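Since the structure comes first, as structure tokens, the remarks are kept for the end.
First chain written, first letter: the chains are A, B, C and D, and each begins at residue 1.
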Amino acid sequence: MSIERKEVEALIRLFERSDWHELRLETDGLKLVLSKDADAAAAGSEAAVAAASATEDPPAPAPEAVDGLVPITAPNLGTFYRAPKPGTPPYVEVGQSVSETTEVCLIEVMKLFTPVHAGLSGRIAKACVEDGEMVEFGAPLFLVEPEARAAETA
Amino acid sequence: MALSRVFVANRGEIAVRVVRACRARGLESVVGVSDADRESLAAALADRAVVLGPAPARDSYLDTNLVVHAAKATGCDALHPGYGFLSESPVLARLCEREGIAFVGPRAETIERLGDKLAARAVAGEAGVAIVPGSGEIRSAAEALTFAGSAGYPVLIKASAGGGGRGMFVARAEVDIEEGFERASEEARAAFGDGALFAERFVEDARHVEVQIMGDGAGEVVHYGERDCSVQRRFQKVVEEAPAAALPPRARSSIHDAACRLARHLDYRSAGTVEFLYDVAREEAYFIEANVRIQVEHPVTEEVTGVDLIEEQLRIAQGGGLSVTQEDIALAGHAIECRINAEAPERGFAPSPGLIDAWCPPAGRGIRIDSHCRAGAFVPPFYDSMIAKLIVRAGSRTEAVERMGSALAEFRIDGIATNLAFQERLVRHPDFAANRLNTRWLEDVFMPSLVH
Amino acid sequence: MALSRVFVANRGEIAVRVVRACRARGLESVVGVSDADRESLAAALADRAVVLGPAPARDSYLDTNLVVHAAKATGCDALHPGYGFLSESPVLARLCEREGIAFVGPRAETIERLGDKLAARAVAGEAGVAIVPGSGEIRSAAEALTFAGSAGYPVLIKASAGGGGRGMFVARAEVDIEEGFERASEEARAAFGDGALFAERFVEDARHVEVQIMGDGAGEVVHYGERDCSVQRRFQKVVEEAPAAALPPRARSSIHDAACRLARHLDYRSAGTVEFLYDVAREEAYFIEANVRIQVEHPVTEEVTGVDLIEEQLRIAQGGGLSVTQEDIALAGHAIECRINAEAPERGFAPSPGLIDAWCPPAGRGIRIDSHCRAGAFVPPFYDSMIAKLIVRAGSRTEAVERMGSALAEFRIDGIATNLAFQERLVRHPDFAANRLNTRWLEDVFMPSLVH
Amino acid sequence: MSIERKEVEALIRLFERSDWHELRLETDGLKLVLSKDADAAAAGSEAAVAAASATEDPPAPAPEAVDGLVPITAPNLGTFYRAPKPGTPPYVEVGQSVSETTEVCLIEVMKLFTPVHAGLSGRIAKACVEDGEMVEFGAPLFLVEPEARAAETA
């Protein structure tokens, strides 16, 4: 083998993080093919081995589309408030349409209240946090069905 | 005060260190991390980790309100600020006070009085602690000239608000004064938003020595001996030792006394360091400044005294006072710390963040590693480049130097550039072994010796 | 004797430990490895490594001639045997003597006199050291019965040549004697090729305590305090501590004196351990045996005394004598060692050799790891399963127990089964915290508590 | 990714040591193909990356055929002697034919001299060690051209 193990490891990590769908590497004695496409057939003889069982924890929630829904995430840690003031109606309700500049909630840090904007157009599909709860940076506050898709299902 | 849960307002090795100390004292810990540090060792070891904000420190670690909000929201009744970041911010200390959170450090007013260098010199004067002959605030090059005329050259012009070597300029003769004043003033404004300057005598052959003190906040103060941190690059410490083996006994006891006097004068609470410039030729030590927090180099003191300084800080915050009297504190052996950084000395010490592929630290008798890194850890590009502190202790300085050389040689880190080889060459240099060092040795003698 | 190069006749962590100590004393080191240990850490750190033979220990580490030949052929003038393997072989010591190689250990005649348990008891008698009431050699079940009748039950029947728990049997009443004699005799023959037995009173509530001694070979002897190694499984030590906190002061000083008396009687050279059985009910300590080598658990003594026992052994071999007098030796704090093994406690402690995928040991203040392992290392199936010694020290036993629990929880080893979780449960058991332990606690109390 | 990195690493190591020519693994999100056969074409799109440079040290000498020559190796560490006694002719010379039981040298350990047998039939092609040198376990003492090949080139 003329390729170092750590190089292979580094490549695999790089690949996992990348947008690439396939990575193919050939050196003197080793050929490495990584693919995220389950349909991409790998050639060669069928010296298959049983797949090792997967035990990794589910990935942490990230601001990516889930079932076509896009989260609005917390810009920092703070306390989540759905309404401008106690006793007033919430900024948004589930089912309501929002545009990029719609204020959807407040995040409070030491009595400083900062409005959070939707950041995209669409329809509020779900509220993820209870009023008055602490949220961390990056936590999903609402799930939004983006406009294009909302139009389809309307 | 009966405390139960400590918010750790820091990252890296000191966050790990504080989490471990909390556990040792039966306290829970919550660490506030940035998005880049979600997977950090401190986050894994603490009872809980919360993500404050995105990776840049100003939006996470340096946001005072965010930090205190997180501490309150997670039910913490104490906050440890570590070093760097907000550790010397009187605003944080005051906010904690107001919110009923025990700040593990001095009172806000102490931080204020010692945080500004001019104010600190005044306090030292009140406490009868000798300071290097220096000016009050200087507002013009002309005022600097007048001072230099009476104190003699060379003269150091430096920012009042500063630290870390920024806003400093050495004038070796009259012709340098004008330029030095302008440059120092500019840098001070740029770095600290405050152009106030002062000037002092520049000691050519100087050692940086500092005394570790601890106070209960009610007048009781002890010292844990001194450290020698003369090996510096651009005013940043590179290697630290305890004790300062080169100090004559008279100078040693004189700085111990001065440090305690200063701390008692302020009813100092928690851990602090009083820094002195030791004039080798005159055998005199002058007060430089006080650091109102635990320091990076605190482990060398722990290794020669056997005390746990972080646990002691926690005990004081809990209202338990000092665990020892001065008579109980005995020093044995010698300890050295090398700061291991993710940086490439051969490329001007450029930071080298990235993925650590292999992490094989030395181990065994007399070896201590304080670090948040391990194989597979990612060194983010947003913060300080220190990835480990390698600390050795031995019966004598000679043995400790030998042990440090071997330990550095054994330490293997793959995936990122480090200063391991640089540090090894440094501690194996004959001047280092012979303790023929001063604050300019690294830049004036050692660095040139690497060029070939 | 001016020495320059030491042959390390061992493997694993102790080989690494000896290599480092050689370096600290300015000595070169050559390590003799088996084919399975070509890539070991000791081989990498030593100045040179030579491959003695194939993996099985009898064809490499246990071949006396091979070891001495390798030492001579590589120009070594001293040999350190570590522990286990040939460390207690008078043949090796004598061969070294003949070939002009300084054996880092006692003289061959000392090893012979203390290596056989019956002979050792006789020596103890000469030196006025109390032994547990016992028999001379017993040649039949009838002789065992006679002894038990006078000393009282229970009685331990054990192999004269033995060690490590093999060839031992407890007879609790007359009816057990016959079977015990037969089984112990059989096992003794099988394990040691020597069926000689003796019997002694079996102390029900006993602690295993031992005194670390060091002699210059010319009559000067010091002790470094004692250790408590009561936590044992099948007569194998699992956890060791220093000091033995449960010992009353009178018993403590009595075993120190007895150990030194024994060592002085033999003009003992190098490091040794005198083991005692402490009868908790009677508050009496009886001599068990002497170990004529450095022991696995020596680091706990180093941590509370600050001395480096391996370096001290080397100094004595170099003719430098003892570095300290008894008055110089002060104890501070408390240290605990857990043996970390590649074994699966839940499968009857079956050894689990294999590839270590991840190796993330705890680190920081008060933590010491003596190990030859790292990520990517292969634990071969041919030898002892110990992969690391985790040692903690703290100001008190309570703090040390807490630190050990945390350190074990932090320790992560992937790829092979280990006893980390077992050790963590052990040190977190209320009996362990309260120091309510004896030599049978692990098997009689702790192990059953794991069953659910 | 539902496969753990360490599992991939373990597989790669396993593969490197094995006699297998190809290993193919599929799990939920990852497809891994390892091949030692430089001709085995891997399917999928051509998202090739430059091969990482190979920097691994050459493997340690092992008792395997080199250029078709087979080493006779030392059974343990010791001193190598080519002749039964000083002043007598060596057991074997280069070019000489040996059988499995031919004594080819002595290995001395503390004055105990043990003969080493060739272990195979063929022709001594090279002597690797000087008389009186220390050899370690596994060190090649002689290189032998095995019988079959020796016959070919004869």
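By definition in this document, contacts are C-beta pairs under 8 Å (C-beta built on N, C-alpha and C of every residue); 3 or more make two chains touch, one makes a residue touch a chain.
Just so we're clear, the structure is a prediction, and the values are computed from it rather than from any experiment.
Chains touching both chain B and chain C: none.
Among the other chains, B has the CA centre that is most remote from the centre of chain D. By number of C-beta pairs in contact, the leading pair of chains is A-D. Centres computed as Cα averages put chain A at a distance of 40 Å from chain B. Distance from the chain A centre to the chain D centre is 51 Å, each centre being the mean of its Cα atoms.
If each chain is reduced to the centroid of its CA atoms, chain B and chain D end up 55 Å from each other. For chain B, residues touching at least two other chains, in rising order: 358, 376.
Annotation for chain D: residues 5, 9-10, 13 touch two or more other chains.
In the complex of the two chains, the chain C residues touching chain D come out as 32, 34-35, 38, 50-54, 59-60, 63, 65-66, 68-70, 73-74, 95, 355, 357-358, 414-415. Residue ranges on chain B touching chain C, taken from their complex, read 16-17, 20, 23-24, 26, 45, 299, 302, 306, 308, 332-333, 358-361, 363-371, 374-376, 394-395, 399, 402-403, 406, 410.
Residues 6, 9-10, 13, 60, 75-79, 108-110, 112, 134, 136-139 of chain A are the ones that touch chain B when the two sit in their complex.
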